[in-house]
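Next come the structures, one after another.
You will see subunit A twice below: alongside subunit B first, and alongside subunit C after that.
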Partner chain A sequence: MAGLAQHGVSRRSFLKFCTTLASAMALPPAAGLAMAEAMAAARRPSVIWLPFQECTGCTESITRSHSPTIESLIFNVISLDYQETLMAAAGHQAEEALHQAIKDNFGKYLLIVDGSVPLGMDGAYSTIGGKSNLETLKEVAKGAAAIVAMGSCAAFGGIPKANPNPTGAVSVSDIIKDKPIVNIPGCPPIPVVMTGVLAHYLTFGSLPELDKLGRPKAFYGETIHDRCYRRAFYDQGKFAKTFDDEGARNGWCLFELGCKGPVTYNACATTKWNGGTSWPVESGHGCLGCSEPDFWDAGSFYKALSMPANPLKTVAGAAVAGAAIGVAVSFVNRAKKSAAKAAHETTTLPDLEK
Partner chain B sequence: MGEMQFLTWVRGTGLNLAISIFLLGVLVRLLEIYSLGRKKDLAEPRSVAGASGMNTVFRRSIPADGMLKNSPITYIGGYVFHIGLAIIVFLFAPHIKFFQDLLGFSWPGLPSQAVDFAAVLTIVAMLLILFDRISKPVKRYLSTFQDWFTWALTFLPVLTGWMAVQHLLLPYTTMLALHILTVELLLVFLPFTKLFHAFTVFGSRWYNGTVNGHKGVAV
Partner chain C sequence: MGLENFAEATDTTRDGLTGNATAVLHEVAELLVALAERGETGVIDLGGMPLSSADKAWLAERLGQGEVEMTLNLDGASEVRETAFHGVWWLVHHNEKGVLTGEFIETGTVPALVSAHPDDIRQAADKLGFLIDEL
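After this line comes the complex of A and B, so read on.
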């Protein structure tokens, strides 16, 4: 705690932070204290953060973690040995820091990856210090105790993997098979989810319980729709039809405007964003479904889930073909009838008397 | 394929295929049926009260004398599930949104609880009708594969849709995808099975009524 106090973090605010995290992760109340003790006592574990095909949005999101100086807390509790955006070093010095961290903490460090890994053109689409992302990932993952795939790109391939995937982008778990990996998808992910997973790891020495997509169940256990404060309007059949109609002003359900909340597992509706200020649906825009695999290719953001995801390309052709076949069949039938009529032989009285 | 990719497929490629086959099939069969025509009836038409096409269209919706008592499940269950289906398909807000995308216009829907109630009634009615078909020896004897198959084609979309809304058995995403997939199966098979009565029922009633009305028989 003395170390934390030096950084202006009081015991009270630290405990409060830990308790918030514990409750956010649905852990028992005592876990808050356990987390506080573990994190305060822990030797600052080394964390290496590798950026691949990404937009730095994930890093931006984490640095905007608003709850009582969470980011300073976490960055002081852990030893962030390599993070290109946040580190002062550059060039050879940065590379050296990375190699030093790997050497000193081999088998113990936590590896965070944001961005997808391009496999196209032997990985030439994204390189750091002359090395392809694939090479770097394999090398650094070797000594990692666990890997956190930060954001939808690292977790599922994200926007770089979107059709037609020009760079051959894949997720971390497509490449690394022999290390525990936790996926924290989102574009970007929620800061408290990130800090929660880190706190869990520091306290219990393991990753939290994951769902089948490798996401922490505590944060990705329920859909946006099921936790949405506008859910009642959905049930009443009250929908905003445009972004500026009366329904929109009344805060009615955004389903018809394309909200993907019903099929998106994330914690936005409960944790909110920007220090609990708001979240997309509260600000009047439907959920994009950014924490789901291939969300970019799941049809328009502004089309309701029950609408066709893509234009129905062959329908007009099928209708024309159907009409043509129908007309052809009717001609065949008429020809048959005329043939039958022509072949008809009149029966006469003598015929019957034969 | 993950569940989200599955959903995207049924909302995209799958839907496109299903609607294409549906439209093609419907047009072929309607043109085929209505272009057949009949020979002109040269006999003097007989005029009898209640013997006309329109009369038959309505009369056939009403049970014949004593039949309601004889097979109440067929009539009442039949009414309940047909009306239930109409409510579910045409008055559930997400479904209206689907039609709006295809047709370009929309109409008001019902609150989801009301549609949910209609869905439960429809499911119960359809199960009773199935049980009736199994338990009555004559009905069972008369049933062909198509009768069981078309029952399943109609029942599955209702069941999966209701289960998706109620969050039963499978995650919503998967159940929603299964729901859309079963609707697509229904669309693909509808034009080529007895489910095509959705398009021909009133036309054939009117035809029978007119032909028989010409002979002075109220059917």
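After this line comes the complex of A and C, so read on.
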């Protein structure tokens, strides 16, 4: 606790934070006190954070978590032994820090992964210190007590996995099968979800309850639509038809403008973003569904869920209806595929080294 | 439209009461008995249940205003007030931007957030000792 105080976080501030965090996680209210006591105790478990095929947006998101700041969490509550973006060490020193952390805390450390793992070309699309992400993940996962797959890329493959998935990107759970994994999807994920999972792990020594996609139920238990403040307008059939019509100005439902809230499980509607300032729907834009698997390939962001998601699939479906139409349609599909192939040049390893 | 107004706008009952406030009041009564008889403290998370703003107002009116009212400056204001029933406290937390982050009813002699922690008291005693030594 003295460490937290040194960074300007008083015990009462920390207790307040833990109380509201317990509330956000739907834990019993008294759990806030237990969390504060447990996290203030000097356990400082080792955390190794591996960045793979990612954009650093997840790190940007978590470093903007507030009360307490990520800095105080890093320096006092956890021992962050490896995080390329935040650590001062580089090159061989950084790799040494990683290996030392693995050796000293084998079987006990928490592994956080952001980014997907490319399997194409023997993993050559993304390497750290001459090792492919696949090799590094397998090596570091061996000694982990649990793994947190942070962001949609680590959890489900994310944007790198989007069609045509040129790098052969897969998720962490596609590779690691023998460790407890918690998925925190989102592009990026909500900072408080990450803090909540860390707090739960530090307090209870276990991961929180997960849904069938490995997401913490406390934050991904309900759809955006279920908790949306515009839900009443959906029920009343009041929809914005364009982004600047009367409906949009009145704050009506964005379903017809492509909002994916009804099929997206996340906590944006309740936790909001940027310290509770706002969230996409409140800012007038529909939900993109970024915490769901393959959201990038789920059709246009601006087509209503009730409309066909993929025109190509629709015409392919129509082909079943009649042979004559079918021939024409399959010709169209073939032509599209040929055009796509012609436009795509395969990248080889020598190309990358040029 | 904010969430508070939304609850009112979509309320289907005439007076805005959902009936949940009565249930909360019963729970407060039970927690208070547990405090009086066994010294057990309790907390109710008002953000964790579907209460309309009318429900909250009804509950606040029934519990009334007591003698103690505090504002704690903890990365945003936290208001703590004792209700007309001794040992029943109403806590409202805001973040640095003034956004409501939590609302609780707590039963206890003093809310846990207000009490000084034994470790902090020990540290304070040392600190004050050093200060006197340096006089």
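Here is the rule we go by: the second predicted complex is superposed on the first by the 303 of 354 C-alpha atoms of A that agree within 3 Å, B and C clash if a C-alpha of one lies under 4 Å from a C-alpha of the other, contacts with A are read in each partner's own complex, and residues count from 1 in each chain.
As a convention for this text, a residue touches a chain if its C-beta (ideal position, glycine included) is under 8 Å from a C-beta of that chain, and two chains touch if they have at least 3 such contacts.
Because the structure is a prediction, the values reported are computed rather than measured.
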item	value
Touched partner set for A:Val263, first subunit B, second subunit C, both or neither	first
Partner chain in contact with A:Gly168 - subunit B first, subunit C second, else both or neither	neither
Touching partner for A:Ala298 - first (subunit B), second (subunit C), both, neither	first
Touching partner for A:Pro180 - first (subunit B), second (subunit C), both, neither	neither
Of subunit C and subunit B, partner touching more subunit A residues	B
First (subunit B), second (subunit C), both or neither touched by A:Ser23	second
Touching partner for A:Gly120 - first (subunit B), second (subunit C), both, neither	neither
First, second, both or neither for A:Gly57, with subunit B first and subunit C second	neither
Subunit B versus subunit C as contact partner of A:Ser10, first or second or both or neither	second
Partner chain in contact with A:Gly237 - subunit B first, subunit C second, else both or neither	first
Sites on subunit B touched by subunit A in the complex	2, 4-5, 7-8, 11-13, 15-17, 19-21, 23-32, 35-36, 93-95, 97-98, 100-102, 109-113, 167, 172-173, 176
Subunit A residues within the subunit C interface of the complex	1-2, 9-13, 15-17, 19-20, 23, 26, 28-30, 32-33, 66-67, 229, 232, 251, 272, 275-277
List of subunit A residues in touch with subunit B within their complex	213, 223, 225-226, 234-237, 239, 255-256, 262-263, 289, 292-295, 297-299, 303-310, 312-315, 317-319, 321-323, 325-327, 329-330, 333-334
Subunit C - residues contacting subunit A, complex	1-3, 6, 9-10, 42-45, 47-48, 72, 74-76, 78, 93, 95-97, 99, 101-102, 104, 112-113, 117, 119-120, 123
